[in-house]
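I'd like to ask you about the structure that follows.
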Amino acid sequence: MTYTIYLSGEIHSPWREQIKDGILKNQLDINVLSPITDHDSSDNIGSRILGSEQNNFWKDHKSAKINSLRTTNYLGKSDIVIIKFGDKYKQWNAAFDAGTAAGLGIPTIVMHNSDLTHALKEIDAAAFAVTETPDQVIEILKYISQP
Amino acid sequence: MTYTIYLSGEIHSPWREQIKDGILKNQLDINVLSPITDHDSSDNIGSRILGSEQNNFWKDHKSAKINSLRTTNYLGKSDIVIIKFGDKYKQWNAAFDAGTAAGLGIPTIVMHNSDLTHALKEIDAAAFAVTETPDQVIEILKYISQP
Amino acid sequence: MTYTIYLSGEIHSPWREQIKDGILKNQLDINVLSPITDHDSSDNIGSRILGSEQNNFWKDHKSAKINSLRTTNYLGKSDIVIIKFGDKYKQWNAAFDAGTAAGLGIPTIVMHNSDLTHALKEIDAAAFAVTETPDQVIEILKYISQP
Amino acid sequence: MTYTIYLSGEIHSPWREQIKDGILKNQLDINVLSPITDHDSSDNIGSRILGSEQNNFWKDHKSAKINSLRTTNYLGKSDIVIIKFGDKYKQWNAAFDAGTAAGLGIPTIVMHNSDLTHALKEIDAAAFAVTETPDQVIEILKYISQP
Amino acid sequence: MTYTIYLSGEIHSPWREQIKDGILKNQLDINVLSPITDHDSSDNIGSRILGSEQNNFWKDHKSAKINSLRTTNYLGKSDIVIIKFGDKYKQWNAAFDAGTAAGLGIPTIVMHNSDLTHALKEIDAAAFAVTETPDQVIEILKYISQP
Amino acid sequence: MTYTIYLSGEIHSPWREQIKDGILKNQLDINVLSPITDHDSSDNIGSRILGSEQNNFWKDHKSAKINSLRTTNYLGKSDIVIIKFGDKYKQWNAAFDAGTAAGLGIPTIVMHNSDLTHALKEIDAAAFAVTETPDQVIEILKYISQP
Amino acid sequence: MTYTIYLSGEIHSPWREQIKDGILKNQLDINVLSPITDHDSSDNIGSRILGSEQNNFWKDHKSAKINSLRTTNYLGKSDIVIIKFGDKYKQWNAAFDAGTAAGLGIPTIVMHNSDLTHALKEIDAAAFAVTETPDQVIEILKYISQP
Amino acid sequence: MTYTIYLSGEIHSPWREQIKDGILKNQLDINVLSPITDHDSSDNIGSRILGSEQNNFWKDHKSAKINSLRTTNYLGKSDIVIIKFGDKYKQWNAAFDAGTAAGLGIPTIVMHNSDLTHALKEIDAAAFAVTETPDQVIEILKYISQP
């Protein structure tokens, strides 16, 4: 069985590429889906296509809605959602994705440093594995992909 | 029809009481559900009932799981989930609740100051109303509760 | 068993009152739910509570979202959705409600004059009864409410 | 991931072809589904296959039911439903499709001129993007289809 | 817990009354729902309310649709569906109700004489109990209603 | 889009082959699923594999259960369920399949002679098309399969 | 909010009474549901009502099916399923109930001695709390029932 | 139609290989999914990837959670779940899988010796076939896979 995984969260570190590399090297039968990770493109897509807004709230609103056309579909079709939290920025959208997965009954793997444990306890408690590194995620994917 | 609402998020300001007061004053037919908002009690409930843990991860895990027995039930039975974000703490659990509501198809009302707009754009985009004050929430509840 | 019905559509004729009267007169065990039918109040609720907008699109958007907090809940909890089409205005929201009921698997009764038959054929085809008058609706409700 | 999109609504302008052309030119991995857009064929299919009716209501009914064998399946399997409203005709079936998508939890993109904004506010409010031209739709599809 | 049961099938024998009597006598906490069992009323309800039809197919169609407003709601809200088959008439609607319960995941109790066993094997195989008499049904209801 | 159809009901006439031939001739993109139509094999499969039974009820039970492993899966994965009623035998399993499709929300096409109209009115009322011949079914499949 | 809990598993110790006592003493707003815990009655209910069987397999089958009319309904309507494992007997039905709750998305609390930890690891891993005594369960119910 | 089957339960006998051989020999169009059946690997996977634990409860917990990433996905995507019970060990996870399948509405085939009949009566009662040997399972799969 092919797994489809969705990689949610942090966009400022190369963790997505590390996981993709691990999947390639280990020849795992896994489809990888991701949100648009280009920050500027993602922030401005609404005004770029649908026209500019004076009010930043609506500028953000239009962009977020277009992005969620993708994320709603990708996340909703995934077998496992993997979410990386870092210490930069609020990353509320990562926590929102973790909640969406919980609401849809899709298992999650969370990745973050141990100093975030207390702040993420609800999200960790709902996860099937709490990891710290991409290597641990790859090991898990390898293990559950055995024939 | 009686609405059941769930009040998620910030526990350091009296917004829940303000909404409850508004409901009482306006005699709205609304059931109000909340998580346990006593911080210490909520953090230690796992070790208090099920035994202490040396590792803080498991201490948090046990508490978070017991708290989610309540939140999973309360949130899942709500007609509207109202989520308040503040600038203190990470509040990832609030974002997680917003996501859970989205995954379950339950409408949300979000409350936060306008300086959080960009960081909360995905959560705002999924909401039915983005407010800044408890009074606005009460006005909405009043409006939708008319006979 | 108590039925809960939702009365969607036309707001310029007294059909909702006629149905409510019929239910009272016949002492039927039926809860009646309706959208806000005050046109001005419904159009302006967004700007009144959440602040005015220069762009009419966003003014409409905010009002429509607050109204859908009510309609989503009311329609989604109904056993039967009754939708009245008239020849004034576009009434796309009535057709939208009929579609929502279809998507949720809730039976519908449609009410309209026979000159609208061709334009409403898809909505009629999905309905359990196509009526022309409130009296016919009351007769149906009476019939299905027998002990 | 391949998206499947369903193109609902207006049949008197070449918007479906424009979207298909844009998908081809941009080599997007998207399956396009549509209703039968031949007006006569669609209106008469019931009587043609199942026998004529004296009463136009039943003629329409039989045709609408056969058409909905296709639309129910196509729309229900789509990842995104795109609905075009024009100013000709009532187009209640387009609004019905938008409602069905909402009831099923499928994201929508709406297309219409700005003079229809007020009449379509409920449908726009439930959409992930409100566009005016096929080009805007293609731009959105291009954006969300990036690897 | 109160059980709600739906009594489907045969209308030419007093089995429904016997079950209701048994529930009363044993003071069981059970709500009993039934279709309209007056044959003439049920056959003619469509033409009586919505106008006569020359073609019997449409006469039947309109009546069946109005009756299904009730049965769809009643059966869909039941905890247990009890279906009685007799040797008179085709009773395809009883088998249809058994299938609907199966599709909705609602448990069934079937009642029929042993000479119908082979013809009803698919329906019996999906049932939680196959009985021959109202007394057996009452015994089951008594047993599962114990405090 | 490929349709998957399930052919339920009568096994004493060659209607399944006629529909398959029509699909082949018209090169329609349709998968055809059927129950086991060999009467003896289907009746005895339980005792043949799992051991004989003295009581015919259990013999039938074991066979029906094994057959439903197939029918539950096939019917549940179909886009359209086509059900043929004849005047021989009770054919309660055909009506049961029609009900299962209704409970699962899968559209049906019914096929039968007009003299069965009254007895089948509930099942016809839930159908998207009521036909009399395989040719009509093929015409419908051709129509809804157009590109 | 009133919780409904279902008490599954071990019938040879007074743990159900201890939990009910704790609920009473603490005046918790909780409905308690249980299976039939009279062993003989539960084993023989099938033959007693529906007639004896020579083959024990069918005797057990008929009883188990009647019991599951109750357990399917009770468990399926619970907010929390509490399952007690002991070291006597196989108690596969307790594990089956835990799985059913998991399949339905209902949270569980498990109760067992620590020497069963390894054998129950999959069931514990799916639980929201793993307890050893009725007192711990009562403490959890008290905590999550606070106003 | 291709069936996907999941083989749950006993890992100390070669029954999985026998079923796979039977599928190959008979050229059945069936995908076979299984849990990780290497006992040591499965028990230690949590500590191996995510770090060791002093407390065996958490060691088991982490391993069970990672294993359930696989089993939740595999079982949830199966058309039929086949569960083998033996007399060694508690095998509560096998019963848990049977329950999960029941909760998800997936048909099961159970395999066990007749001396376990009474202990497994609830699980057998929910099954579509109760077998004793892999050959019987293969015969069933052959039968339901006929064209």
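We just call them A, B, C, D, E, F, G and H in the order they show up, numbering each chain from 1.
As a convention for this text, contacts are C-beta pairs under 8 Å (C-beta built on N, C-alpha and C of every residue); 3 or more make two chains touch, one makes a residue touch a chain.
As the structure is a prediction and not an experimental result, all values here were calculated from the model.
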Distance in touch steps, counted as few as possible, from chain B out to chain E: 2
Path length in the contact graph (chain B to chain D, fewest steps): 2
Pair joined by the larger number of C-beta contacts - A-D, C-D: C-D
From chain D, the most remote chain by mean C-alpha position: G
Interface residue identity across copies chain E, chain F - same or different by half: same
Centre distance in Å when chain A and chain C are each reduced to the mean of their C-alpha atoms: 40
Approximate Å spacing (C-alpha centroids) for the pair chain C, chain G: 44
Whole-Å gap separating chain C and chain H, where each centre is the average of the chain's CA atoms: 49
Euclidean distance of C-alpha centroids - chain D vs chain F, Å: 31
Residues of chain G whose C-beta touches two or more other chains: 65, 67-68, 130
Contact footprint of chain H on chain A as seen in their complex: 1, 3, 79-80, 107, 109, 128-131, 136, 139-140, 143-144, 146
For the chain F and chain E complex, residues of the former touching the latter: 56-57, 60-61, 63-65, 67-68, 71, 85, 89-104, 114, 116-126, 130
Complex contact set, residues of chain E against chain C: 4, 31, 33, 36, 41, 45, 48-50, 62, 65-70, 72-74, 77
